[in-house]
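Both complexes below contain chain A, partnered by chain B and then by chain C.
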Partner chain A sequence: MQTDFLLQIKDLKASIDNKEILKGLNLEVKHGEIHAIMGPNGSGKSTLANVLTGREIATVTAGTVTYEGKNLLEMSPEERAREGIFLSFQYPIEIPGVSMVNFMKTAINEQRKYRGLEPLSASDFLRLMREKKELVEIDSALTNRSVNEGFSGGEKKKNEIFQMAMLEPRLALLDETDSGLDIDALRIVANGVNKIRRPDTSVIVITHYQRLLDYIVPDYVHVLYDGRIVRSAGPELALELEERGYDWIRKDADLSEETWTTDRK
Partner chain B sequence: MDYRQEVTGRLTELWEGRETGILKGSPEIFNRYRTDAFSQFLRLGIPDRKNEAYRYTNLEKSFSHKYEKYFSPKPDDFREAERFHCEVEDLDVWNMVLLNGFFPRGEEGLAMLPGGIWVGSMRAAAKQFPSLVEKHYNKYAKNEKDGLVSLNTALATDGLFIYAPGNTVNSKPIQIVNLLQSEQDFFSQDRNLLIADDGARMSLLVCDHAISPQHYLTNTVTEIFVGRDASFEIIRVQNQHNYSGKITHTFIHQERDSYATSNNITLHGGLVRNATWHKLNGENAETHSYGLFLADRQQHIANFVKVDHVAPNCNSTQLFKGILDENATGAFNGRIMVHKDAQNTNAYQSNNNIILSDTARMDTKPQLEIYADDVKCSHGATVGQLDENALFYLRSRGIDAREAKLMLMFGFAHDVVKNIPIEALRDRIDHLVVQRLRGELSYCASCAIQCN
Partner chain C sequence: MENNQDKLLGEVTSGEYKYGFVTDIETDVIPKGLSEDVVRLISAKKEEPEWLLEFRLKAFRRWQTMKMPEWAHLNIPEIDYQDIIYYAAPKQKKGPDSLSDVDPELLKTFDKLGIPLEEQKRLTGVAVDAVMDSVSVKTTFRETLAEMGIIFCSFSEAVKEHPTLVQKYLASVVPYSDNFFAALNSAVFSDGSFCYIPKGVRCPMELSTYFRINASNTGQFERTLLIADEESYVSYLEGCTAPMRDENQLHAAVVEIVAERGAEVKYSTVQNWYPGDKEGKGGIFNFVTKRGICKGDDSRISWTQVETGSAITWKYPSCILRGNNSVGEFYSVAVTNNRQQADTGTKMIHIGSNTKSTIVSKGISAGFSQNSYRGLVKVLGKAEGARNFSQCDSLLLGDRCGAHTFPYIEVDNPSAIVEHEATTSRIGEDQIFYCNQRGISTEDAIGLIVNGYAREVINKLPMEFAVEAQKLLQISLEGSVG
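== the complex of A and B ==
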């Protein structure tokens, strides 16, 4: 059955080393929507990204995640990627000895194979690389190197967006993409995302701060706190959080100061 | 009975028959050192695991086998070997084929390549360049440290000789294809002397290639002299089979302002132990020791490296990597020794290993010994699995788990391969590594006998 929803998360619970991190999370994302998930450290933002991309650090103990009408939790990480999910890593991994070209060519061709398409010819592939490099303003020399090896923090984040441009996902998860970026790099990265995005691409922006949302303007802002979404509103919520911090959310969530301190250690 | 006594007994028989065997036709310069060397061998014995340098390497399986043949092949044997053609098409090299470590046409086998570099047999070299051979032969090999080195000095009858006279440059690398082929199981000792005189530049590629399924054991000693301002590169590619044993001892002696690299790529072999000794004897010399091995089944691959900083202002690096699967075992024993006067030394050592199965085993022992006070040295060793974070990163882009693992192993290995100075060979070895990792490359793949 075709639904409007690209992604539906229902009552999701997940633990790491038997400690419950997500405690019944609900979220629905329609085609083409941009959602921002904000929240203090330790609220479960990165765990959510891990669960959605299939990283085995977290164990799902309850709830469902439906993506395009399919059970996402049954899929391997590579299947999810081939179905159009892309994660821009908070900490991109350096892989010495694996060239960017070989990495991207393998990724693209594996995804094409999944969709029943022929592999790209060498010249088509290089043309695509060139085109996308310009789009995200990434230095040409970087793509001649090993994956992320010796890249600066900003270069690594740009490289994530470059990979997103190459792979053209339907659902992009940006996990703290703004962290470690100066204002110029932030603008380039954010503009890259806007240029890549097609009208039906959905984006989940996971962020601490409001500043990225000046460039990637969300349709909805959610506050994740202690494993649950405790408040959802329009983009104005992000501004309010920037001004007032998270304390008032905590109080609103009706949690005692004691619980907060214990949780925070 | 301890197998070592039994083997020593067999070798002593050989030694006692030397008048009609080893000594016949051997250069006088070889014969001169034999008696001392044999008594040294008897004293040191075949190294066992009480010997620190062999602590993780058990030689028994290779040495206890009853070999039928010990000396050089007959002239007829070379005919087939000469028909061998290396399949690396775009490799532009001077190519020569040896059989079981021996040069064809024995005593006549010495020729000058365009550019002025001499390549041939030790027997021929001892006749043509007696004083040169006398000057260098058995001057760098450490007979007193290892019973197998003294065994080689006692029993070797021939081997490879290369001489780059002062300021000669080889226009292209020399490739020695050493075929292992015999109808009988054999244990051979080859003795090589490679000389790059002052200002000379040369690179050498040695490919060991097993083409018949017999049991082999080769105990190779190679002495390399690198003169002032000279440059010498040696790359070994070892592709043998599960019944082959390969023990190499390489002694690189460097004078001031010289440059040397050694690169041992072990793709396949039952028991392989490469010992590489670097001696930086003059100021401003630079030396690099690289090694990569891929092992599975019951294979054992060991690398022993010793870098001796004798003179000041020298640089050295060691980078050794291994990938072990199934029941394979590996060992690394590396030592940097900075002598008292070797101030301003830079010496680095790194050994990294990936273990793919629960039953593979790697022992590593990185060592530093420093007697000078103004030095920069570092060493480190790791044994681990593939990086889970890197694996997930590749999979999160749609690459399946198996392919992602291959990419990571390839990247790991490429870190060593990228240091090979000959581009066509580098690409070829990258390709061989991929084939080996995919299980498509083995001695058995090209063999009709399928001994396994």
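== the complex of A and C ==
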């Protein structure tokens, strides 16, 4: 048994409404590594995030996902969260009338309960909020409002990173965190992630563009195309993709379709 | 996707009604059935003056000619009015002067309900009139209030001690002929609370009445009369619970409020009658007429209700805005789950000029329940400059429940401004998932989302009760979809 793997995905197949989206995906993430998953629209990036967090939109039809040696696919979404998986949503959800303070307090105390810890006292909780707000440079006013209600696109993304700072996950999934951000917001968000990250925190950055990876520098870059990872390399792959687009990968992948399937067998 | 949502919601475990116990106490009951003799018997038991007996008899005769209203979006099983006991009183020494005269079983009951009747145990700032079945058990803080000239006592006592006030205001807002249930109540009403705030007095504490049904096969018909004299202020709260029983029990109350010039009345209700079991067996039939009149200029009446109980709710707390510049408000959260049915809303009748009304209604339906908002905004010809704003939101949990909105708007003055906004939404699977992804269970997520949705109304409740109401919302929705 490999113990330095935080996450191992083997031959993962998943469908949405009977349409196969992930067609045999393999990925291994060690403690403290940053992986970037890039790919054109419709390649299965968001489906991967859904499968890993247990959102029932996608149905897993084959393959295994092991997290910290446990079968991740058997866990409920909230168990996965309590086990340290955090998703920064591509489209954060608004919950009208629920204050950020109340939302975060509930989340933190649920997670603490799961780990056998006492709930945070009101003063400790507020201190933690203050500390993390400064860390991710989020406007104080935002956390006094209802969850994401009336937030701009950039504010919503910052708020995701703020929640990540509060919850201190072991595996952070950033789903298109850079979309809809101007360059200043992008920098703040990315720096936030870097500041939050402890040496053993693993990150999977799902992105269409390379620009976020200027700030969050990955150890590995994977290209997801048509439900499979068709190419993996170091950070230089992201730059190549930025320059040449996805078309060459597409051609490459289509041409080598036969090779891929035979390789697998 | 539909199935997904049902599954998500179905995962929430089943909730129990906390107040379903029965107190074992000797009760003085009269035989089942309703007739002139029964009306006379009730009046005699309460040692009432002749005029009140006459009032009851007139109401009874009128009731006999009336039919149950059928216009509500409710499926009401046939009610056999001869199969109901119209008077049940826990036996105790007449008129308990002090707490030591009250049966300890009764004290225990109210303790268990979280309504301790010992004044030193109460939250400071809340005076309680505790009503069990047909009689008032004890009214707290009477002496303290009396020093300011405030009368707060049971209705029966008010009839004896303040007959002129009662005679002047009784049925002045809800006439006995108003509707089937008001007529029935006027004929057989047992007890309830009476409250009078004198001119210029700001009532220093919350006044509250707690209604408890205990005896089986009985109906509860209470009558509340609240008078705020000129430039006075009072905040009033009403709570109610009942044991879990397989048969339905009838509750038909009448509440009347009179606000004189410059007076302000806040009336809050947390209604938690037994709703019946999951299959819809048992539960209270709640047919209530509540109406207030802003009689004088610059007066204000505000209704806030959190309705989570009862098998059937038929209730429209209303305001007659007669005084110029008077204000009527209605803030409501109505939750229905399992097989519950609610048809509730308000009527705002604008008579005076520059009268204003606000309606905020939040319906939450789950399970197989039906939840309707029914509201009337009527602006009469002389109501120059009248304004109304209505907002009716419905939240659906699951896909087997129903939410309905029946707004009626009648405007006879061209200067009036009437606005109506309505939304219907489902509790989002994406909202629940967002909470799940932060480690919050589905059950807690629904609690958070629903309380957020209802916050605008909950915020209108007095502090101590807002917390209670929040918990109640969550409990009521446990096991929302089976």
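Quick note on the criterion: the second predicted complex is superposed on the first by the 252 of 265 C-alpha atoms of A that agree within 3 Å, B and C clash if a C-alpha of one lies under 4 Å from a C-alpha of the other, contacts with A are read in each partner's own complex, and residues count from 1 in each chain.
Here is the rule we use: contacts are C-beta pairs under 8 Å (C-beta built on N, C-alpha and C of every residue); 3 or more make two chains touch, one makes a residue touch a chain.
Owing to the predicted nature of the structure, the values given are computational and were not obtained by experimental measurement.
> Go through the superposed model and pick first if A:5 touches only chain B, second if only chain C, both, or neither.
Neither partner.
> Taking the superposition as given, does A:246 touch the first partner, chain B, the second, chain C, both, or neither?
Once the two structures are laid over each other on A, A:246 reaches no partner at all.
> Between chain B (first) and chain C (second), which does A:93 come into contact with in this model arrangement: first, second, both, or neither?
Both partners, chain B and chain C.
> Tell me which partner A:215 touches in the superposition: chain B (first), chain C (second), both or neither.
Neither partner.
> Going by the contact rule set out at the top, does A:78 touch chain B (first), chain C (second), both, or neither?
both
> Look at A:125 in the shared chain and tell me whether it touches chain B only, chain C only, both, or neither; answer first, second, both or neither.
A:125: touches no partner chain.
> Which residues would you name on chain A as touching chain B in one complex and chain C in the other?
53-55, 76-78, 80-82, 86-87, 89, 92-93, 95-98, 102-103, 106-107, 110-111, 114, 146-147, 163, 167
> In the complex formed with chain A, which residues of chain B make contact?
Contact set of chain B toward chain A: 387, 389-390, 392-401, 403-404, 407-408, 410-415, 418.
> In the complex formed with chain A, which residues of chain C make contact?
Residues 4, 7-8, 428, 430-431, 433-442, 444, 448-449, 451-456 of chain C touch chain A in their complex.
> Help me check something: in the complex, which residues belonging to chain A touch chain C?
53-56, 76-78, 80-82, 86-87, 89, 92-98, 102-103, 106-107, 110-111, 114, 146-147, 163, 167
> Contact residues on chain A for chain B in the complex?
Residues in contact with chain B: 53-55, 76-78, 80-82, 86-87, 89, 92-93, 95-98, 102-103, 106-107, 110-111, 114, 146-147, 163, 167.
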